[in-house]
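Look at the two complexes coming up: subunit A is in both, with subunit B in one and subunit C in the other.
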Partner chain A sequence: MAAICSLFIINKSGGLIFYKDYGSAGRMDTNDSLRVASLWHSMHAISQQLSPTVGCSGIELLEADTFDLHCFQSLTGTKFFVVCEPGALHMEALLKVIYELYTDYVLKNPFYEMEMPIRCELFDLNLSQAVQKDRVALLGR
Partner chain B sequence: MYMFNRNGVCLFYREWNRPLRTLNPQQDHKLMFGLLFSLKSSPLRWIPPDEGNLGVPQLPGQGCSFHSFCTNTYKFSFMESPSGIKIILITHPMTGDLREALKYIYSLYVEYVAKNPLYAPGTPIRRANLEWQVRTMVIG
Partner chain C sequence: MPTVGPRSGDAIFANVDRVNAELFTLTYGAIVCQLLTDLEEVEEVNKQLDQMGYNIGTRLIDEFLAKANISRCVDFKETAEMIAKVGFKMFLGVTASVTNWDVEGTCCNIVLEDNPLVDFVELPDTCQGLYYCNVLCGVIRGALEMVSMKTEVTWVRDVLQGDDSYELQVKLLKQVPEEYPYKDDE
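Our next item is the complex of A and B:
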């Protein structure tokens, strides 16, 4: 049973540049995924405002009854977040791996324009491999 | 700690250790309630049941109920009662699951406020007993 349900990547202005879902439940059409991505971007920003101390970098983990949401924000403001089953482990590590794949296959691609939707085959391929490996490792534990 | 009713009126607010204050209290309450409302409402049904009706307003208690989120500087825990009373606790990020504590605070609310015949629902709470009990619970 897979732990990860979907992956979103949003650029620093809050636009969705990549969306992939892995679970059978939670499948969203394009409009819904765009809406959800911009919502998340705004909420992330608001949560930084509400911090009682300095140095808040936004929501990293959101827990609900039916899912968990892990978010990773890079230094440039690009946000990677995964929706997964409650209590899923090692999502932060997975997010870091996805970030590395992003820098390798997307940013180093000379035809990729910044802040545009990602359409790189190699990125998709390696991403599927990474998620598959994570799933296998999860089952193996 | 914040307590809101279903219309967004802040009924109770106490702070014990808050070094940074970016906004004035009114705006702070509004922002907090707004964030909570957006997080709770239907667009966040990321594992939705078969119909995916985004944008439909929900009754209190319906839909997926998130209970907390963490950032690197604070943890936000939340509980909503069936009557729409929302209790929020902002704590250190390493705090464990606070749902029991929130339930206890709600029981204090029921005990001291809801059962008070002189309390008009929707007005801010000024009950000294409630404040004292909450303080004891938090600091003790």
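Our next item is the complex of A and C:
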């Protein structure tokens, strides 16, 4: 069974620009995924304001009974988050890898319009490879 | 997870795919010449190069942050050092240094030791006032704008104009705080 259920990328204004699910658990339709994305964007913003820590950069990990949600926000405001099995390891590293793939195959594509939904085949391809590699590494442990 | 510091520009430069330097230089030259033909006015070409750089910068910043593993800079001084020491090295393979800070710490000059864009270039008399490498100004401006810093970047010295070095002035106009555009009680 896959460790990762789904991956979301949201732009700095909170719009969902990429969504992909892996395996049957936690699959949702377009409306639900949009809702989750904007909910998370707002929760993230609220957490920053509520946090007693000065200069808090928002929630990085949300642990629930049936899933974990790991979030990484780049300094430019784009958020990447994965929903995975509880206790899945190395998700921060995977999010970093995904961020690099995004800079390589999305932002460098001259025909990609910034802040718009991502439709780049090269990104899809390299992303599935990265996730696959992560799974293989997981099986090996 | 332990926080790792920024990677050095050299290390990243050694690890990226590269193209022949002459192809790069000649491509840039062809773009500038085409702009001169199309726009005719030197001033317009400067503006267009800056705009092109801006568009590059807004995309390049994420690659810079991702690959160089950079976390938030504490102040503008650190930002300028990052651009000079890591940024220029990573993307152009040249070393740059930061000088001439003003008292408020909002304006400095970046001196390039070498400039691969201008190999083979001699400016004709008809192009006086052309900032041949103006694209670099735009890149820095665009990149910094994406991390909420409004800046003004201009050339202060250019070997092509008869100066003895390449020097950029980076002036921080304002830092746009990353707040949400609404108040709590609205």
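Just so we're on the same page, the second predicted complex is superposed on the first by the 141 of 141 C-alpha atoms of A that agree within 3 Å, B and C clash if a C-alpha of one lies under 4 Å from a C-alpha of the other, contacts with A are read in each partner's own complex, and residues count from 1 in each chain.
Here is the rule we go by: a contact is a pair of C-beta atoms (placed from the backbone, for glycine too) under 8 Å apart; a residue touches a chain by one contact, two chains touch by 3 or more.
The model shown is predicted, which means the values in this text are computed figures rather than measured ones.
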item: Three-chain arrangement built on subunit A, subunit B and subunit C clash or fit; value: fit
item: Larger contact residue set on subunit A - subunit B or subunit C; value: B
item: Touched partner set for A:96, first subunit B, second subunit C, both or neither; value: second
item: Touched partner set for A:108, first subunit B, second subunit C, both or neither; value: second
item: First (subunit B), second (subunit C), both or neither touched by A:78; value: second
item: Following superposition on chain A: angle at subunit A, subunit B versus subunit C, Cα, nearest 10°; value: 120
item: Contacts of A:133 with subunit B and subunit C, given as first, second, both or neither; value: neither
item: Contacts of A:119 with subunit B and subunit C, given as first, second, both or neither; value: neither
item: Minimal inter-chain CA distance - subunit C and subunit B, angstrom; value: 9
item: Parts of subunit A lying in touch with subunit B, wherever the complex brings them together; value: 5-6, 23, 25-26, 28, 32, 35-36, 39, 42-43, 46-67, 69, 83
item: Subunit C partner contacts - residues on subunit A that touch it in the complex; value: 45, 74-78, 92, 96, 99-100, 102-104, 107-108, 114
item: In the complex, subunit C residues that touch subunit A; value: 1, 58-63, 65-67, 70-72, 146-147, 178, 180
item: Parts of subunit B lying in touch with subunit A, wherever the complex brings them together; value: 15, 17-20, 22-23, 28, 31-32, 34-35, 38-39, 43-44, 46-48, 52, 54, 64-74, 76, 90
